[in-house]
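Two complexes, one shared chain (subunit A), two partners (subunit B, subunit C).
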Partner chain A sequence: MNQRIAITGLGIISAIGNNQSDTLRSLLESQSGIGEMQFLDSIHHEFPVGEVKLSDAELKKLCQIDDESIIGRTTLLGILAVREALKEAQIEQVEKHKIGLISGTTVGGMEKSEQFYLDFLQNDLHNEYINIHDCGACTEGIVEHTGNFCFCTTISTACSSAANALIMGANMLKAGYLDIVVVGGAECLSKFHLNGFNTLMILDKTPCKPFDQNRSGITLGEGAGYLVLETEEHAAKRNVKPICFVSGYGNACDAYHQTASSPDGKGALLAMQKALKMSGLKPQEIDYINAHGTGTQNNDLSEGIAVQQLFTPVPPISSTKSLTGHTTSAAGGVEIILSILAMKNQFLPQNLNYQDKIEELNFEPIKSNMLNHPIQHFLKNSFGFGGNNSSIIISNNI
Partner chain B sequence: MKQHNVYINGVGSISIQEEGALALPDWGEENYLRCIDPPFAQYISPALLRRMSKVVKRGIVSALLALKDGGIEMPDAIISGTGLGCIEDTEKFLSAMIEQNEQFLQPTHFIQSTHNTVSSQIAIMLKCYNYNNTFSHLGISLESALFDGFLQIKMGMLSNALINGCDEMTPDYHLMLKKVGFWKDTPFQMEDMYQAITSGTVAGEGCNSLLLSNEKNEHTYAEIKDIQLIHHRNNNNIEELLEDFLDKNGLTLSEIDAVMSGINGEMKNDAVYDKLYTEGENNPTQLIYRHLSGDFFTSSGFGLIQSAKVLKNQNIEPLLFRKENKKNKIRHILFHNHYKNSTHALILLSVCSN
Partner chain C sequence: MRNVQGAITIRNHQVILQGEILFQRDQSMPNVQFFSELYRELKLAYPKFFKMDPLAKLGFLAAELLLSPLSAEDKEEMKIFLACSHSSIESDTMFQNTISDESDYYPSPSLFVYTLPNIVIGEIAIRHKIYGENSLQLTSPLNFNSIIKTLHKQIKWEENRYALIGYLDYYNDKYEAEFYLIHS
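Let's turn to the complex of A and B:
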């Protein structure tokens, strides 16, 4: 039992709060962070977004980083969340531990590259941003401002990146390669993503409506979410009480289409089955599902069909993307943390903007916050382009 | 926990090399070479080919070659590493977005731009619903993927895993990296690999795949004894960390027969290896590969394949030598790659006698 993977620290920033306590308040009040874009310099103001309510300059100030520093928004979001997670886990000096960082991201420093791309090719005005374009540079940037990690890598499986970072981290702990690992993801809004999703015609012009019959797409968001993992034994040795435990996880591939989910939700079902199998739990022991629930016609139906196949009846389920927007690579981290906050405060977070049941499905999502509702185990789905599907099961520590 | 052994049972490669024996390429004025592509139509149906970018096609073919070589049709896992992802499609979408001021854009290039496209397209082609992952961390992207597969086989979570390292070097990205000093601005000479006195390296690209398995059989090239990825910003103790790594595996540096290193003709890069492997006594034979593959974020895949072949065939192709210090049977090869001295990958490969 003492090889159980404990979660001992959380760090989060998204459209609904810059830290855990602000986030919890928004979550309890069902206060959405979705609105008209203020910081992203795009012509597409017809699409609402879930922005972190801070400019790059304000983020740098909050990070205590010189305003002149060459650093991307994704990295800044990551720094804040990693620092918060380390603090809660009582890790003051990173270099004193055998500790790693595994971070998920997809667009990397794109929000800077898209501003300076022509300069990169035509002149030497912004060459200093070339080195921060790629995903790995983002993670290295986070490390530079959070501590001397002895292991560090980056996972890029689109919207399931952070969940896959958790899986890799947990495996490394079990195999004894690390004592502690910080896992999660960070991603800022970019014109690249906004326009990309727009070409697929899967962006909603109103705040997203996951699991609604009339849902019409994604609302993009941004943020970062990181968790500190260590074995229960190691946490006990450090005298740190686990917040909760990672009971199971599964990664499967839908192997259907680069950007669409299969009609029968095969990859989703396999990922959930693997996670359940590892946890040793029965489907009826899952008290809450935090769905991937993007709000597209395709995802919510496919995910819903997979959930229905495994769970009878379907436990309370919601997509908190209706509050934060879809934070893409960070979503796995951000949404596991939202669910943990709900679990620790004994409520089930609502699925905003829901009206009508999806005809093909037999369940409805949570329509309003259900208070005084204990959660012992919850399941988190995180799916990505390319059919990279992952599910995580978290169990409370009471 | 029962620990399983991990073997390399298949390899596949698309590189700047012609098929057959290794040859030193003519690096030309630019020190920049692109892949010699196989006839893709022999491997991928025309309907699929039309939509795929170069790096995806190459990734699929190198993966199929490794599976065939290892005698496996359906891997337990597909794990890729890529430093830049599908950069050609990314550039196309980005340019169109800027030129057309975010209007009238087509989805094709966006769809193919995500880093996980190669892993995902291999899965779709094979109808492989198993574990699927993609790493993108600069010069250790492939090593991260290899480590993920190695770890899970060792722990018994997988019985085999297909590992791919894929990168393309587009002219635009080559130009960008030129501006930040990545490439040599003097014509490449073989002497650069022996004693680098200039900065910069030579640019290549490629896709290299390795099939890992817990089973030793007639396909086996070598055993992967251990892998350690070390991030050591601000530290200068790589010597100590290397010693710990070997010690953990019951070896000392003097028992290592050959080191396959990431020497690339860039003086700062190469100095790190020289300090470790040329200044002591009883130095291992030094093997090199980047003059044959070019340098790119996942070029280590090419070097790993060469190392696996050396162990299997007990024969070292002359072009791989930097310095021959030992002439005995090659039992252990230490594969060492570092990226800007901030991240090191140590991979211990050992011979398998059947």
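Let's turn to the complex of A and C:
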């Protein structure tokens, strides 16, 4: 039996587009979606953000959901992306398959809870929003509006959540628990985590500058990215052509600090080594790295040191967070899909806002889109607070 | 479940290690005091414990008792797969309280750190220098036995020698931890 894990559908929404085709256009034009906040109700307008350019009401309309329904922004983003992915994978009726949904999120319904928090304490006007506060309720909300999945669960490992959803989904396919699995993550902006990142003093007042010597922090973003996975054999049986394949993945713990990366990038290095080992590929066979690249002093140096240890020379590398902002729990899904779009269109996406090389590192990120540049295999890094580091390798369908 | 080498439960102010009651206190004692007394009983010299949120303290103590017989080599590549229901809601609420009122606005970085449920895994990993795979799953509290079995199945075909799996939860002054040490 061919156990290769095929990717047969993609769905994405972020600051640079509400679907795959809009996203590809922005990516090709290096059109950033980062700007002044329009939808998040925060006093902190000094921080630019990567917002999805739709209000909740507009998102509901796009989802064809009644404007009165009690539903959070994370769930709405998830519904749109899951639907797009299912459509591309030609799955019209979810209940006809042994199919699961594994979704990463950490903010969950927080943005509604903070909006109504004082009401919750003082009156009963908005208590229905309490029921959709938790992360699991978001996944269940997505299921409610996308189809009758036979299995669903939620992964919450901060910014590596979506990548870990992919790992868990691939493991469940290999173990034979599911025939098809939709994996990824969704996250909307909230005051809660904007304030939280701000207290850690790691937000940039200008659009983030990953891998730049003078980088000064994260630009937060929001979005959702989901992939449909199934074995190559199962895709063939359904007559669905794989877009590409998951050829390796690894997760490791950095075991250094709750929120900071270790100076030697040990967790990152271990995760990349595990992914390479599973794929059977040599480091020189990786054509592109889509970095975690948050734009903080700490991450980019630590990740860069880990990459340098494994790759000589370092392959073309970029952080597309410079276009979308850091979509936190959704980032793994969003950025794997951005990289797949680049791979299918044979170009390497630019790392925006880069000027000067980080002194301690021996490489520079991709300074402008490199067109006519085939990618056979790329590696995606996704690192989360708690030292939870994941790397995924995707291979083209040739 | 196969390959279980150790088991611990902490609930109702009672610690049961390998089937035997190791430590207990009257249930009227506040939870955090119970955690502190257990910490002192174990004679641990790890002051960072006192900075942790209740969920992390609970996971830290359960892991401490289960993992103490293992060597550094045993622990280095160990996997940690945990599940919980109420995530970091205790710390979330405390942090939200610091930003809800504009006249009393003081977002706290030390609270924010613990508003992620998987920080408990990070704390265990930092304490024991565990670099293996780790993941935290959020799931309904109703049937955590089947969740533990699912976590067990997920590690079955991995090459590592040891894994720590289990369920823990802390919500509204109720807490519970049930951890297993798996050796393949």
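As a convention for this text, the second predicted complex is superposed on the first by the 397 of 398 C-alpha atoms of A that agree within 3 Å, B and C clash if a C-alpha of one lies under 4 Å from a C-alpha of the other, contacts with A are read in each partner's own complex, and residues count from 1 in each chain.
One rule holds for everything that comes next: a residue touches a chain if its C-beta (ideal position, glycine included) is under 8 Å from a C-beta of that chain, and two chains touch if they have at least 3 such contacts.
None of the values given here were measured: they were computed from a predicted structure.
Enquirer: Should the pairing of subunit B and subunit C on subunit A count as a clash or a fit in the superposition?
Expert: Overlaying the two structures gives a clash between subunit B and subunit C.
Enquirer: Is A:Y117 touching the first partner subunit B, the second partner subunit C, both, or neither of them?
Expert: both
Enquirer: One more residue to check, A:C135. First (subunit B), second (subunit C), both or neither?
Expert: It touches subunit B and subunit C both.
Enquirer: Comparing subunit C with subunit B, which touches more residues belonging to subunit A?
Expert: Subunit A has more residues touched by B than by the other partner.
Enquirer: A:E144 contacts which: subunit B (first), subunit C (second), both, neither?
Expert: first
Enquirer: Now for A:F363: first (subunit B), second (subunit C), both, or neither, which partner does it touch?
Expert: In the superposed model, A:F363 contacts neither subunit B nor subunit C.
Enquirer: What is the contact status of A:G196 with respect to subunit B (first) and subunit C (second): first, second, both, or neither?
Expert: After superposition on chain A, A:G196 lies in contact with both partners, subunit B and subunit C.
Enquirer: Let me test your reading of the model: by the given contact rule, A:A158 touches which partner, first (subunit B), second (subunit C), both or neither?
Expert: Both partners.
Enquirer: Applying the document's definition of touch, where does A:H44 land relative to subunit B and subunit C: first, second, both, or neither?
Expert: The first partner, subunit B, only.
Enquirer: On the A-aligned overlay, A:A255 touches which partner chain: subunit B = first, subunit C = second, or both, or neither?
Expert: Once the two structures are laid over each other on A, A:A255 reaches both partners.
Enquirer: Intersection of subunit A residues contacting subunit B with those contacting subunit C?
Expert: Subunit A residues touching both partners: 106, 110, 113-114, 117-118, 134-136, 153-158, 164, 168, 171-172, 174-175, 191-192, 195-196, 198-200, 251-259, 266-267, 270, 384-388.
Enquirer: Can you check the complex and tell me which residues of subunit A touch subunit B?
Expert: Spelled out, the residues of subunit A in touch with subunit B are 42-44, 100, 106, 108, 110, 113-114, 117-118, 120-121, 124, 127, 130-131, 133-137, 139-140, 143-144, 148-158, 164, 168, 171-172, 174-175, 177, 191-192, 195-196, 198-200, 251-259, 266-267, 270, 384-388.
Enquirer: Applying the document's contact rule, which stretches of subunit C touch subunit A when the two form their complex?
Expert: So the residues of subunit C in touch with subunit A come to 80, 86-87, 89, 92, 95-96, 99-101, 107-109, 112-119, 121-123, 125-126, 128-140, 153-154, 156-157.
Enquirer: Which residues of subunit A touch subunit C in their complex?
Expert: Per the stated touch rule, the residues are 106, 110, 113-114, 117-118, 134-136, 153-158, 164, 167-168, 171-172, 174-175, 191-193, 195-201, 250-259, 266-267, 270, 274, 384-388.
Enquirer: Which positions of subunit B touch subunit A when the two form their complex?
Expert: These residues of subunit B touch subunit A: 1, 78, 82-85, 90, 93-95, 97-98, 101-103, 105-107, 110-117, 119-121, 123-124, 126-138, 140-141, 144, 148, 151-152, 154-155, 157, 172, 175-177, 179-180, 229-235, 342-343.
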